[in-house]
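Take a look at the structures listed below.
Same chain, two partners: subunit A is paired with subunit B first, then with subunit C.
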Partner chain A sequence: MFKKITSVFILVLSIVACSSSDDATSGSGSSADGFNRQSMLINWADTIIIPVYQDLNSQLAGLVTAKNTFNAEPNQVNLDAFRASWLNAYKVWQYAEMFDIGQAETINYYSQMNIYPASVIEIENNIASGTYDLSHPNNQDAVGFPALDYMLYGVGASSDMDILAIYTTNANADKYRNHVSDLVEQMKTLTQSVLTNWTSVYRDQFVGSTANTATSSTNKLTNDFIFYYEKGLRANKIGIPAGVFSTNPLPTKTEAFYRGDVSKELALTALDAVQDFFNGKAYKSNATGASFKQYLQYLNTVKNGEDLDVIINNQINVARTNIQGLNANFTEQITSNNAQMTDAYNELQKVVVLIKLDMVQSMNIRVDYVDADGD
Partner chain B sequence: MNKIFVAATLTALFLSSCSSDDDMTTTPTDTGVIAPTTYVFQRGGESTVSFGGQTTRILMAGEFVSALKDNTNSQSTLDAMFTHIEGNADFSNADLNASGKNIRSKVAASKDYFSANITVSNEIKADFDAWIAEQANEVFPNWAGTASAGVAGQLQQLNGGSTRYVTAKGLELNQAVAKGFIGGLMTDQMLNNYLSTSVLDEGANAANNNNGVLEEGEIYTSMEHKWDEAYGYLYGAELDPSFPVLGADSFLNTYLNQVDSNSNFSGTANAVFEAFKLGRAAIVAKNYTVRDAQAQIIREHISKVSAVRAVHYLQGGKTKIAEGDMAAAFHQLSEGFGFIYSLQFTRKPNTDSPYFSHDEVQAYVAELMAGNGFWDVSDATLDTISEEIATRFNFSVAQAAN
Partner chain C sequence: MNTKIQTYLAKQTSAVPLVVFRMLFGIMMLFSIVRFWANGWIEKLYLEPTFHFSFYGFEWVKPLGNYTYLLFAICGLAALSVALGFKYRLAIITFFLTFTYIEFMDKTTYLNHYYFISILSFLMIFLPAHVSFSVDSYLKKVSYSKVPNWTIDSIKLLLGLVYFYAGLAKINSDWLFKAMPLKIWLPSKYDLPFIGENLMQQEWFHYAMSWSGMFYDLAIPFLLLYKRTRLFAFIIVIFFHVFTRILFPIGMFPFIMIISTLIFFDANFHQKIINFVAGIWKVLRQEMSLAIQAPIKVVDRYQVQNKRVLMPVLFMFFMIQMLLPFRYFAYPGELFWTEEGYRFSWRVMLMEKMGYTTFTIKNKETGAMFVVDNSDFLTDFQEKQMSFQPDFILEYAHFLGDHFAAQGHEYIQVFAESYVALNGRLSQPYIDFTVDLYKEHESFQHKTWVLPFNDVIKGL
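Up next, the complex of A and B:
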């Protein structure tokens, strides 16, 4: 479905916007419609994005510690702690994946953190060879949270005993320990670099870019948000495993497949992250600030007689209710009753139309990618 | 009652606007957009019209429907054709084998109707899967046996006519599939995908078309191409698609011709062709009001194809039952069955809805297949369904039965 992302020429939609000289990177921060985009950028950066990265970075620091403890003494207690730390970090990651901008975009951060399903063959090849460049594009499906999912739950067949044996008595135990260490360290290093970039230089660039061009912060992050919703959340977590884009369902393509029973929790977390971002809700706080929601309210955007921001929140809530009704393990859900899965997908899809058409039209923002799903 | 009245009024309005549109070729005064005589559009002397994917799927559907009548095929052979994977030797035509396209992925797959309706889309695809499986596993093994109520097999039409191979309920599954494709593949893709503003105007399509920005490596704009892809689902199998003669496939193209051949509906084919040309010219002229008006005309007429043929075959079947020619009756009823199934993919002009909903169609299917199916379907059932379809499309049963 997303096989071709077509970059497009950028045009300002309305004549109003065309005639106004809104391409300065400084000034009032107001766009042609009068909404203060800079206040939104500041809210995004200071109460959501940077706090998310800070939390993720500290979760990954915890993961490094848990990994070190495990590698020093690979026993059940330490395995459990390692796994718990992985899941905590994975949940925070759900808040971060949509911010594919700045350093994250430059280093293909997302592609090194959460491409799934992980390739067991590539992971095992890396382990066996012992020499690898984890940042190489070939390894994008052999690193990050999905690779750890395999390392913590997928190696060693059936039981935790088997898994522990891989790290202890197996002939290549040291290679497995080295590899799981390298994977975790890589995630920490990448995240640290994205966070440091935000706090050192990028935050000011980001909030200063208030124009309405393709490369302006609002336009780019709006596109990232919609793309993430459509691809990272809707397609990757639900649509692809449910077979929406293939002849048959693909139940092994769920997120955290080897752990199994957290795919729903991760999807719900991602949906919370999306909704919180839409509403400008500060990370881990109930404070709200300038946001898509406020922007739509400012524009007084109405669809079929109802406020668009209300419609969007309501539809996200409907989707959440649907997802909550699913099996905690999407693989099992797809196998037992895929129609329930596609029902949830349908509700998620309805949000796409609202944000990708109605919302961006009223904000005069051009979507810079299309699904090239034609003949 | 009110709704029917409004619908009828709208349809009447539409018909009158159609007839004036038919003359658009020579009277361009109101819009400035002129339809060419043939569907030829060029940029720098090179054709900008392209719909290879549509031609491919029509040809795949053609071979597939033929394969449904070859009792040496297994279910897996048929499934492989239906869900063709690039490079597999599923077809006799090497170009089709090399193609990465398949039929099934575009069944019940339009953006407007199914992008947020995957559960129903899957149910529809599963209907086709089940028909294919039943053909392979129940009809093929009884190819030589005589069909009777509750028993799959063959029946020959009276006077040494064609032999029909039917399920235990008298349904010719190859007809159900073939006529189901007319709705589920061709009509749905045309009316609810490629002619939709959601597709024509997707992303930057309008801005790019306004500024002559072409698709990467191509000679057409995305919007031009989308419109052509709609065109391709109707005319893609024509020898010279720029000037269609109809009867070029076993699907929508041929049945548009059939409807047009009925004097009560003559002019339908021309209205569709003119609307396609004018709409495409309007895209070149960047006049999207004219474009969208043509899409509505096409929606109305193409929707009518399934409706007219559904009623026609139900009535034809009824006549054959009365004559005691069950083989001929089953053949016609099976075609009617497929066209009824296709009604859920129609599109009422200026709405987001089909003339008959999925649930309404399912109810008809259940009614026709109740008990021993066509073996004991009553005249009353056939007449009631015929009347309901005709009424909603604002024609009479007698007109369609012609």
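Up next, the complex of A and C:
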């Protein structure tokens, strides 16, 4: 009896010991009956993430050229070209911001590209001193697209003449030209390094990590997706300027504040990016592949639940209609009729409940909460 | 009847199972404390958060800053002392108090198995688990070979209650007829080797696990009680707990349950464990060439002192244990939804529930309002737990009200916008958004501001 029990016990201990230590191993991605998780990762990487970075990288290459042309000859034509190039890149950026994973996460890529509102004081200090480390955390609100927004639309009093004067006749014109150049080059360098990392090593790592652990690709990117939607899109673009989180509205905290009339366009682009990612729609193509949508459809066949993917898409569409009804310039919208702005926020908010609660619960994603026991 | 009880209470049995239980319990508890410490959870769960959720009436139990480490150290030493049987009574009382204090510091970390440890150690205060093969016995030079039979039975009863009530709780329509929440949990284990991509995805398997889980919990106490089914039952116990350990992050719980069920085995089995340990001790003593100890006087029967106090206390203890899980009958509404009477009732791994709750601070006079960023005050883990439990939501609402009042805000009202999804149902509004929670107070009364659950879960 004693021996029997002891041997059973030892066997069990060894099983448990083994089972608890191999959390990091990745399961096989393919399966005949279930949902193929690896195909979702492959679709994300190959038809969305990498193409987005490639486009962003080439847009930034265009921005570098436009900047060089402008710096060589700061005139109205070149300024317009520089600005157009900036806006094009900024729109592509809306597709990239959510992928805070891999190299992007390591180098704090997002915080070096789109923290707004930009700090005029810090930017001007950097220009005046001429020595700065643009990658320093203190400079997060003095770099990237928001800093260029200021450099292209905010320096100088009001007219383009004033702005051009900053780069030409101003006593510190050299410094301004240098700085705008450094800002653009930094964005290009960062993006190039993220892209290269994806195409050289990270892509295979990413699609190979199919397990359901807090650090696996699906879980991390799902968390990133939700975080981006909740923070980057809902809060930063609409909620914060509309004063949802403060006692009063903060109309100067809109995206592309100095340019002004593109905040709605950028927000709508971001919403498209979110919806396309949810549906697994290839970047700049109508092809769709394995995605959250398909995963939810598969899980629904398991549990006979409501069609969550349809509900989510419908709610995103409602939110889009609301945003489309806003002024192209959110700052103006907030000062003229903020209620409309908060209405749009409320519709966006309903999507948060659907993806953060219903979707995560269906997928039983292990969110990176504290690693503690449950029972 | 009375004489039957008298005869039962007078019955004596070998002390060995109780002694082995004491040693194994102490060792496991020491290991649990060390593991908790080594994982950095003291820091993460008790020192890093700025705010802690309290049990109603125990708001004074809070982490003690850096002294929290001291608290864990005392608790660990007490566990060691229990294992050794050194100053047993003092050690087990200390263990009970420190362990329970730790569990009450923040209810975010509430786990049924921690509660089990608390009440088990409370029960052990009254049991003569140190009368032989202990430092106490060695020092007093007296050892008892028999203890009252009921002392061992009381542990069996407590274990049986845990299993049986866990089984009762599974008799509900979600668990049995929808295979929820296993239908959510098992498919997500697609990354398990061999069974992840096939078995875990099968609907019949989800039902099979739900039903067998219920039968297991209900039947296991009885299968362990009868000698003929005991070994079989023990193998099932091991299989069941290993399986759940693989599936879910439940830490020490499987080990504690597996080892605890050894109490059901007869004295011969435990005697062999004692002989084994005694053998090692003998060799060690010879190696270190220690002086031969003075012989220990062996007394046959251990008589429990203060029976007049002890019996009513234990009677009350078990009455409470048996009735407490049914207190939810006193509340209207669905138990899984309101959670009024959910804790301390062996409802283990019973539902998949998530919430999303945000708070709006409003100035009653001006109407100005803003939404709070929960991450300013709560850890992710706390926010997760807060989001679907009404008592957490209320306590946090008061904390926010007090916080913003201290910042100089006036005429404060606190409103919660909350959505909860339960067992695969679509999320529904959870808290009445029009109710100023700053005006509501915690009590054992039904919380009227929890919105009704628009579905029915039948069963216990």
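Convention: the second predicted complex is superposed on the first by the 328 of 375 C-alpha atoms of A that agree within 3 Å, B and C clash if a C-alpha of one lies under 4 Å from a C-alpha of the other, contacts with A are read in each partner's own complex, and residues count from 1 in each chain.
Just so it is clear, contacts are C-beta pairs under 8 Å (C-beta built on N, C-alpha and C of every residue); 3 or more make two chains touch, one makes a residue touch a chain.
Fair warning: this is a prediction, and the values are worked out from it, not measured in the lab.
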**Request:** Have a look at where A:A173 lands relative to subunit B and subunit C in the superposition and call it first, second, both or neither.
**Result:** neither
**Request:** Please work out whether A:T247 is in contact with subunit B alone, subunit C alone, both, or neither, and reply first, second, both or neither.
**Result:** both
**Prompt:** So, does A:N364 touch the first partner subunit B, the second partner subunit C, both, or neither?
**Reply:** second
**Asked** If you stack the two complexes on chain A, which partner ends up touching A:V353: first (subunit B), second (subunit C), both, or neither?
**Response** both
**Request:** With the two complexes superposed on chain A, say which partner A:D343 touches: subunit B (first), subunit C (second), both, or neither.
**Result:** first
**Fill in**
In this superposition, the partner of subunit A with more touched residues, subunit B or subunit C, is C
**Asked** Which partner does A:A165 contact after superposing on A: first (subunit B), second (subunit C), both, neither?
**Response** neither
**Prompt:** Taking the contacts subunit A makes with subunit B in one complex and with subunit C in the other, which residues are shared?
**Reply:** 8-9, 239, 243-244, 247, 352-353, 357, 367-371, 374-375
**Asked** Any idea which subunit C residues touch subunit A in the complex?
**Response** 39, 41, 44-45, 109, 111-113, 180, 183-185, 187-193, 196-198, 201, 203, 231, 234-235, 238, 242, 245-246, 248-255, 258, 262, 265, 268-269, 272-273, 348-349, 352, 354-356, 368-373, 379-381, 384, 419-421, 424-427
**Asked** In the complex of these two chains, what residues of subunit B are touching subunit A?
**Response** 51-54, 56-57, 83, 101-102, 104-105, 115-119, 121-123, 194, 198, 202-205, 207-208, 211, 213, 215-216, 222, 225-226, 229, 232
**Residue ranges of subunit A touching subunit C (in the complex, touch as defined)** = 1-2, 4-5, 8-9, 12, 15-16, 19-20, 25-28, 30-34, 37, 210-213, 216, 239, 243-248, 299, 302-303, 305-306, 308, 311, 352-354, 356-358, 360-365, 367-375
**Fill in**
Within the complex, subunit B is touched by subunit A residues 6, 8-9, 11, 13, 239, 242-244, 247, 338-339, 342-343, 345-347, 349-350, 352-353, 357, 366-371, 374-375
